[in-house]
Amino acid sequence: MSMDLLRRAAHAAHDAIRANEDRIEGLDRAIGDGDHYHNVIRGAEVAAKLADELGDAAPDQAPDQALKQIGMKLLSTIGGASGPLMSSFFLAAAKTPGAGAVWDRATVTAMVRDGVAAIQARGKAKQGDKTMLDTLIPVAEALEAGAGDDPAALAAKVQAAAEAGMQSTKDILATKGRAAFLGERAIGHIDPGAMSCCVIVTAICQTVASGETL
Amino acid sequence: MSMDLLRRAAHAAHDAIRANEDRIEGLDRAIGDGDHYHNVIRGAEVAAKLADELGDAAPDQAPDQALKQIGMKLLSTIGGASGPLMSSFFLAAAKTPGAGAVWDRATVTAMVRDGVAAIQARGKAKQGDKTMLDTLIPVAEALEAGAGDDPAALAAKVQAAAEAGMQSTKDILATKGRAAFLGERAIGHIDPGAMSCCVIVTAICQTVASGETL
Amino acid sequence: MKKLINAVGDVLTESLRGFGTAHADLVEVSLDPKIVWRRAAPTRDKVALISGGGSGHEPLHAGFVGHGMLDAACPGEVFTSPTPDQMLAAAEKVDGGAGVLWIVKNYAGDVMNFEMAAEMYEGQSASVLTNDDVAVETSTHSQGRRGVAATVILEKIVGAAAERGDDLASLQALGERVNDASGSMGVALTSCTVPAAGKPTFDVGADEMEMGVGIHGEPGRRRVPLASADAIAEEIVGAILEDLKPEAGAPLLMLVNGMGGTPLMELYLLFDAAGRALAKHDLAPSRILVGNHCTSLEMAGASLTLCKLDEEMTALWDAPVHTAALRWGL
Amino acid sequence: MKKLINAVGDVLTESLRGFGTAHADLVEVSLDPKIVWRRAAPTRDKVALISGGGSGHEPLHAGFVGHGMLDAACPGEVFTSPTPDQMLAAAEKVDGGAGVLWIVKNYAGDVMNFEMAAEMYEGQSASVLTNDDVAVETSTHSQGRRGVAATVILEKIVGAAAERGDDLASLQALGERVNDASGSMGVALTSCTVPAAGKPTFDVGADEMEMGVGIHGEPGRRRVPLASADAIAEEIVGAILEDLKPEAGAPLLMLVNGMGGTPLMELYLLFDAAGRALAKHDLAPSRILVGNHCTSLEMAGASLTLCKLDEEMTALWDAPVHTAALRWGL
């Protein structure tokens, strides 16, 4: 069950990133160095492929092992700033207590919390620094806050949190990452990592909302 | 008198080249390497300046000495293919009259003949090779043919010969100079050296026609 | 996009393979993971210098692998930090028992990937960061300055010290000394095109330039009207001197670095202008390097770097070096 | 026009002065007339090698002045042959009593200016012409082929022979041998802008390239659709081999030469492609040089040169050289 969710989530993320190529790519050209889309799609591709392989080989494997393998694969595939950060998310989530068992709502919520904390630990950024964390911290909070909601309502809330977090990066200075070098010139552009994370979160929410009983 | 003619001819040539910058420049960009205008204007500038200096210093100096000095100056100033060729014209023409001869019509005609022959000797090109010679050989011939005409009529004939010669380079292959490397692609463009020589000849003809009693 | 390439996905592999063949006397190359290391590695009891970063800055870093500079280089995707597995594989090839010094340009991606590699590496290692770009004002953010062309100087000087047998801690300290003594600033006349993106990273008008640009085709701090080489040199030299504050007459290494699309004729002209700009401050370069060393794909533009030399640094700069891109005394 | 320059009329002077300062250990520079010569010149009883040509091809020729290559170089205006007075002044500086060998690229202007200098020179001299560009079909005209990047190879090999004491006639013969053994062809992805002209010499569409281009921003023989590095390498290698007809397995020097605006990443990739193209003919390079050596201002593009080496030529290629742009063994 968890393995299957992981697999569908990976594919949903992959498809969504690809569908948003122009938006993501353009943002990193504007306030970064133009590679973010290519880094993330490279990661999404190997993650989807690896999830398939793992799912086929051992459909009942403990999902924390799969998460760890995906994390390591992302680490050696993405590169740049997003590689270690996204990888850290998976490596940390794999260690969250219960991640090896069947994933219930509480476990997933804890995994996201731990994953986001790992990104913070690795990149030493905080909310408002104009990074992917501006999308991910509100997502983690929305998951905790919506503990009692039905899946569709929760998905909608999480999606809204991601969207709002992503939008919040638009009109602020960057204090971490490449965009920080631009000073004032970064204002008016959404952070590319915040955008790609929002796209991924939204895709996963839709997967969940469309019938998944988490 | 001759020194004065030389001086006015040099200035007329200089002014005319400058006035035709775009046409000359564009042609060498199209079928050469883009420097012909700059080479010729550099030469015209030093020639006009040197003619002034020589004229001021010794208004009655034998003009063959002046021609020789101008030829040497052009040799160290123009460079490229046109430098040695144009310089050869002056160095040869300086030798034509014999020491101290008067510049009458016959002398000038012989000087042009010898100058053009020197260009041929140096560059080993013949009429129809799509070079400056396609302008200059007809000019030399027109001078000889018009030996009996009055100055204005002669000037008109020489000018027409230059113009026709220059135009004749348009629809032929180049077999000498840089344009030769282009093969068929040179067809449809007038040769830049043929153009600049036509501009100079025309300017000098107009100087002569406007009252000079050669 | 106009590039001499085949499929976009094969650019790095094919270019690296070509580099390996062209310099087979000096280096070995692995294509997966991508690493370039000295043919003679490991050098027993010598600290191994490993650098790396996104590709597109050639000859940095692979062109500086060889005697007297790096032991290995890890090229990432274009403008994308390499990954820890590359760094670990490189360390395994070149660690001669005296440990590894990671030389890292200060970008979030490079820092984090090298950090993870260092955490995972079982041998001894230390790292040194370059952050010489004075165009970046540090006050507004916590990212710190970018590492740019001074990285070449650091790799040369620390490389020479490693060759003479300095230990890991001394090399790290020396690296920090070189970095602290260096400042750089760049200008771009055109943008550049990341192969995978297929279009220029930024647009810049025919009469404009980007002042304070980095080496990733990222926009600079200011878009300004195109200026003369003299004006550019004065602005850049002024900014660097304000940062480095050398004493009048102090020995300085000057690096005039092309961004990839600017011909030597202009680089020497800019060097001439920079010399005049320096002279106004009663300074003159005691060591000089002019050329394409830390580039940004095919970008037209250049950067100036000054490094305050002491006697030891001068001697280490002069020491023999034999790499694909820098060679003397051997 | 986007260039790192001051006044257009000062480009050459300032660039040359910068070159002279940057390489003051190697060369002396005169700005009027413009010449660059070895600091140690003249070398007694050694034939002096003098080359020259229009500027805009840097590092050719000034970058190749030094031990084992040229004794002097005469830079003309951009893309304009230098003048006889420069050549005579250079000869006076470097003729060590064994005569002067003029190394001339086959262009009408270069040929005539060097010819006039030779006629005016009172010492002993001889000349050797390079005409390696196989893109130019000789059948239609009497101009002959252009001299391009093989000039670098000739200057290196003949320079090494001069250093070992060969006499003028032998050096001229060797030069002709190197030239006859060499073929080149180039491709341009963009045009270039002569500073005085201020606009690109030709226009080329975003999906087009010029095949068989020279080194003066002159249009090539054919405007063709942009092609892959593999297709370009195959066409060029095919054209050169058709001209040189080397036996399978014959030792070859391959020079992958950038036109000025193409980054090293692409040059190494093109070298990789050229290696594959050669392999189809059972050939492989025995000596390799990749880089910007004979450029065309900031043009994007590259040329390939092959030179059939014999044992003597190989040894002379390998001999020590110490110039601004090429250095090994010293």
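Every chain is named by a letter (A, B, C and D) in the order it is written, and numbering of its residues begins at 1.
Please note the rule applied: a residue touches a chain if its C-beta (ideal position, glycine included) is under 8 Å from a C-beta of that chain, and two chains touch if they have at least 3 such contacts.
The structure presented is a predicted model; accordingly, all values stated were derived computationally and were not measured.
Listed by label, the chains touching chain A and chain D alike are C. For the pair chain A and chain C, the distance between mean C-alpha positions equals 32 Å.
Between the CA-based centres of chain A and chain B the separation comes to 75 Å, rounded to the whole angstrom. Centre-to-centre, using mean CA coordinates, chain C is 29 Å away from chain D.
Among the residues of chain B, none is in touch with two or more other chains. The set of chain C residues that touch two or more partner chains is empty. Viewed as a network of touching protein chains, the structure reduces to a simple linear path.
By the definition of touch given earlier, these chain pairs are in contact: A-C, B-D, C-D. Chain C meets chain A in the complex at residues 33, 54, 76-86, 107-109, 112-113, 115-116, 136-137, 140-143, 146, 194, 196-197, 199, 201-202, 214, 216-219, 221. Partner chain D is touched in their complex by these residues of chain C: 2-6, 11, 14-19, 21-22, 55-56, 58-59, 63, 187, 189-190, 206, 209, 226, 228-230, 232, 260-273, 275, 288, 290, 292, 295, 297-298, 300-302, 327-328. Those residues of chain A that touch chain C in the shared complex are 25, 29-35, 38-39, 42, 75-85, 122-124, 173-178, 180-183, 185.
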